[in-house]
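Provided herewith is a single structure, encoded as structure tokens, for subsequent inquiry.
Which chain is which? They are A, B, C, D and E, in the order written, and residues in each are numbered from 1.
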Amino acid sequence: MEYVNPEGLRLDGRRPMEMRQIRAEIGSVAKADGSALFEMGNTKVIAAVYGPREVQNRSQQISDKALVRCEYSMANFSTGDRMRKPKGDRRSTEISLVIRQTMEACIMTHLMPRSQIDIFVQVLQADGGTRSACINAATLALADAGIPLRDLVTSCSAGYLNSTPLLDLNYVEDSAGGPDVTVGFLPKLDKVTLLQMDSKLSIDLFENVMQLAIEGCKAVANYIREILLENTKQLEYRRGL
Amino acid sequence: MEIDRVDGRTENQLRPLACSRNILNRAHGSASWSQGDTKVLAAVYGPKAGVKKNENPEKACVEVIWKPKTGQIGKLEKEYEMIVKRTLQSICILTINPNTTTSVIVQVLNDDGSLLPCAINAACAALIDAGIPLKHLAVAICCCLADSGYVILDPTKLEEQKMKAFAYLVFPNLILSVLPEGSLKVVGEPMEHAIITSVTQGAMSVDDYLHCLDRGRAATAKMSAFLRKTLQPQISSDSSKAG
Amino acid sequence: MVGLSLGEKNFIQGGIAQDLRSDGRKRLTYRPVSVETGVIPQANGSARVRMGATDVISSVKAELGKPSSLQPDKGKVSIYVDCSPTAAPMFEGRGGDELSTDLSVALQCCLLGGKSGAGAGIDLSSLIVVEGKMCWGLYIDCLVVSSDGNLLDALGAAIKAALSNTGIPRVLVAAGASGDEQPEVDISDEEFLQFDTSDVPVIVTLTKVGRHYIVDATSEEESQMSSAVSISVNRKGHICGLTKRGGAGLDPSIVLDMISVAKHVSEQLMNKLDSEIAAAEAVEDDS
Amino acid sequence: MAGRRGTNPTTYSPSLKTQKTRSTIFKDDWVRPDGRGFQQCRPAFFRTSAVTAASGSAYAEFGNTKVIVSVFGPRESKKAMMYSDIGRLNCNVSYTTFATPVRAQGSDRKDFSSMLHKALEGAVILETFPKTTVDVFALVLESGGSDLPVVISCASLALADAGILMYDLVTSVSLSCLGKNLVIDPILEEESYQDGSLMITCMPSRYEVTQLTITGEWSTPKINEGMQLCLDACSKLANIMRSCLKEATTTSQE
Amino acid sequence: MGLPDASGDLSSEMEVDAFRRLFPLRFYERHLAESIRPDGRPLGRARDTTIALGAVASADGSALAKIGSTTMLAAVKMEVMTPSMESPDEGCIAIDFHMPPICSPIVRPGRPAEAAPVVSKQLSDTISSSGMINLKELSLVSGKAAWMAYLDIYCLDADGALFDAALLSAVAALFHLQIPAVSLNDDGKIVVSEEDGGKLEKEPVNKEKRKLTLRSIPFSLTCILHKNYILADPTSEEEAIMETLVTVVLDSSSQLISLYKPGGAVLAYTSAVQDCIALTRQRVWELQKILDEANSGMEVD
């Protein structure tokens, strides 16, 4: 199948280095301590953060840092085919773990000993890159909850199809079976905190693709920063400052 | 009476036995036991602190997890778990380590008949390897009864399917009893004549069953001698190290 | 879990007794309702309804299937509710299952009518393609994104909005199919059948706090309830379903009184919803 | 061995799926399949202490509907739950595989379990057993229509047998709307083609409704009529249950 | 056994109930020394046993069996399947044993009891070993259709000797089973023949209701071995205190179908095994009589 046509356009009309449109909204779950909605093209996720709060299960309490937990779930209507699958299948568990580890690395957990932070991400629509979208949404939600972070983690994926590195794969490109590199990136510290790849790729190509994904992360980071700034201004305005 | 066995054995002949112990590093005790092509691996973890579910302030708890070669755990595996568990409980001195749990994991490597007896032998060897205090050994064997009434020992899978009935029997074996005399002894019968476990399948007459008992009992003497022989040198080397 | 102090509890109860609730509403006033349709493009129809801080999404997916042999002239509709852990940490893992089942059952009872289909909001016979052979099955999936009380009313409204947003492809049946075989069909990409949702009832939940009952309770108010009655009423003013929550008993005469109040309130809610849905549809058409 | 079987093959029930013509019930001379009057309940039979292993139990038989309910506790809560100064009620309703005309696999009825819980929680004085749980487990041996009301009534009897304090017995009766007729205590066949249903759970001595469910389209006067019919039947049922309890105590005293 | 002296001293001052709870083993051993059990039975006597056939109207065959207060309800439902390639002329019987939460305080919903799959397996082994059912009788159309008999046994009240009661109810349900009259319809499906036969049925496969011919019926007795005592038909209290159980299954022609002793602290000597078998022989005779009585009671009605 041709994923990049001779004119250099992808199936959805993007150029290889082009990201899908991203959109974010802070405070979409009123009852949560922090929440955000994040869209990357048709992929749409909601993240909600509860905490820091008392540890629910005493045996899990950690005396010198906060306990970070994460649950990833997909709505029944999130994919093309309607499905009802039991909660906690392998894929969800794996993604929950990835998100938890990524976020835990950037939360300053030592400031909140003996407490618990819950991150819940809910996929409303899945069209490739749910992992990245969830991490971005979770970052926003954590920032909204006012939880001290080392840096804003952002994430983006990149792939390699038809001998072309592609940024931000959608579902069709993702399921083509080519390599798919997901990067989690700390923009201020200029460090990679998450790196995952399926399939195989030669080392030098891999570096290219990873670099592309990192560029994507930086773009997301800029957008997230803007959104947060805007949100803070709104808050100031409402407080009459 | 002439009996044709596919592998040319006589009716009382067992398949070649093999036993090796201490084969797993992380387990507290482990052993593999094979009878011909049937091979079972057993690992023992414990005694470890008892979990709330099977906590008992007076007795240690033995739990058995049966892992089939392939496929999922069904009713058969649950039943085998229960039989192995009860059999091991009967040979362990449970009052020595109260409120602890000892886990025995039985992994089937290959099944070519007499699976349950083979697993019990493996588990027993693994318990010895782990140094769990035992009252005596348990030696298990399978006796098969053919339509014509003759009995063969240690059948292969093919033979098991052809036979009218079979019995899995577990006998105790000990040199010196550590328990007070009289509490277990019945007048006129030595302890080796008793059975720990009996599971049968298929219809047979009572006399046939008693005949199976006799034949099985005779064969286990050989098996226990083998078991003791395999375990002995290592025990002495262990103690020399400790000494 | 709402943890309230004694003072807060008294404040809520006292406010309700004096017809002035904590957020300034009267006993029988709803919070502002906002409706957004077409939020899930993959679905045949979808809507997001917000009532104050309660936020739910409903989607309708239509699939062709075989009608049940007991009712060969009717299509199938099923409703499932899922409570996302984003709405409350207690819905984590299997924690939301119990509430999800309760809500699904209550919605089925309120919207799908009796066994024979009488009183159903959706005309099941309109879903039939070939009698006894092929019909549409509507799968209505709801997701609770944020929960601040009165989930059932919000879910009912979301389903109504999602159904008005639903377009079911027109199916052309190829001639010549007979006997056992499934008829060959041609599913149109362009032509869609719109639903007539004027018969879909609205659900009004009356929550009894103290001696009075209120509509559209927030979760703080729900924590003070003794019992709640959810009544689904259609445009004709007929009751299409009723369920009760909460353990405390009610005198039969109070139940009847609640029904008449619900009927009255339902008219306002119905009109408000209709105008919101129409506005949302207009917005979607523009974009 | 002959009993060798791997995965079970798919099977179907050979029973005739006759399409019941609903038209008959619109005729004036329609009679109920079991010949009862529209407002006549099936004969009810109750027996307490049906299960010795339980703290309290009851068996109920309404026509072909047969139900056993066991009550365990008050006992330690299963999960390490938060401290609570009132007790918990835990309900579960399941069906045997042969309860329904077509053999069913999934036997747990989550929806019925939660309905049973709602029906009982208002009547049980939870303050009398803080921190602990009372388990109410019901098994429908045979389903013959109006299963849930029978389960609820039977459960309240089992609670009484277990000596759990209650404000009142809980009784439950349902009715079906068939065309213009209201038939009380419907059997399975009637339930399958009903237009609407109404189920009331009440505490008869206190004259309070603890649970009410209506499906189908109803006008207000009809609801009125239906509720009254059910409430009357509930109080009759309560008398039967009460006499069953009295009988049990007198025989045990002897 | 741990503190024989302490309990011995206390026993004279303690109430019977308290003694029973604190030193259950001593309590039982005192009874056993007098050759009587706390419920008044001699050691070798089983509890009162009743069978009621046809307890479930919606099933094709059913029975309720009670041994003391252990209660089992078994029912058979017949469904149609396509027989396997290896045995085109044979039907199938699927046996399942359930322990619903109502039967015992140790079973909770969602977590099946540990004993349930074991008893289930034992039952299907026993019934297939005994050869009581000729699976060929369950055939309908060779290679096309055969009966699948679903035999489900529910434990309604668990008070010891679960296997004995379950087997008794299973056997009684199969005894009561009536295979419905069916015919082959146009679609190649098997349907129940209508009573009046007004429709043009293609061909009746099974013209009238019939019973299975049961070749030999297996009955069982579970005994507890404790020291030199043998206690027949234990209650759940006895099973909890004295853990060594022996289950003997004999059929009506005194063939040994199963001798089941899954471990246990007490060893079974040949003499004890023979004693158990002798007790079972007696019990088989009793049970056979009870089943016959239940059946004749049905026929009178």
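Criterion: a residue touches a chain if its C-beta (ideal position, glycine included) is under 8 Å from a C-beta of that chain, and two chains touch if they have at least 3 such contacts.
Computed from a prediction, not measured in an experiment: that's the story for all the values here.
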Notebook entry, point to check: Among all the other chains, which ones are in touch with both subunit A and subunit D?
Noted result: C
Checklist line | Farthest-lying chain, centroid of Cα atoms versus that of subunit A | finding: E
Margin query: Of the chains shown, whose Cα centre falls closest to the middle of all protein Cα atoms?
Written below: D
Next item on the list: Identify the chain pair with more contacting C-beta pairs: A-C or B-E.
Entry: B-E
Next item on the list: Compare the CA centroid of subunit C with every other chain's and tell me the farthest one.
Entry: B
Check: If you average the Cα atoms of subunit B and of subunit C to get two centres, how far apart are those centres in Å?
Finding: 62
Check: Just curious, how far off is subunit E from subunit C if you go by their C-alpha centres, in Å?
Finding: 49
Item checked: Gap in Å, rounded to a whole number, between the CA centres of subunit E and subunit B -> 28
Checklist line | Euclidean distance of C-alpha centroids - subunit B vs subunit D, Å | finding: 51
Notebook entry, point to check: Which subunit A residues reach two or more other chains?
Noted result: none
Next item on the list: List, in ascending order, every residue of subunit B touching at least 2 other chains.
Entry: 201-202
Next item on the list: Note the residues in subunit D that touch 2 or more other chains, in rising order.
Entry: 1
Checklist line | Residues of subunit D that touch subunit C when the two form their complex | finding: 17, 19, 22, 110-111, 114-115, 118, 120-123, 177, 191-197, 202-203, 206-220, 223-224, 227-228, 231
Notebook entry, point to check: Which residues, counting only subunit C, touch subunit A once they are in their complex?
Noted result: 39-43, 46, 52-53, 55, 57, 59, 61, 63, 80, 82, 84-89, 92-94, 139, 141, 143, 145-148, 219
Checklist line | Touch list for subunit B against partner subunit E, complex | finding: 58, 74-76, 78-79, 82-83, 85-90, 95, 165, 167, 170, 172, 183-184, 186, 189, 191, 193-206, 208-210, 213
Check: Can you list the subunit D residues touching subunit E in their complex?
Finding: 1-3, 5, 8-16, 50-54, 57, 64, 66, 68-70, 72, 75, 78, 92, 94, 96-101, 103, 108, 135, 137-139, 141-143
Notebook entry, point to check: Which part of subunit A faces subunit C closely enough to touch in the complex?
Noted result: 28-32, 35, 42, 46-48, 50, 56, 71, 73, 75-77, 79-80, 82, 84, 87-88, 118, 120-122, 124-125
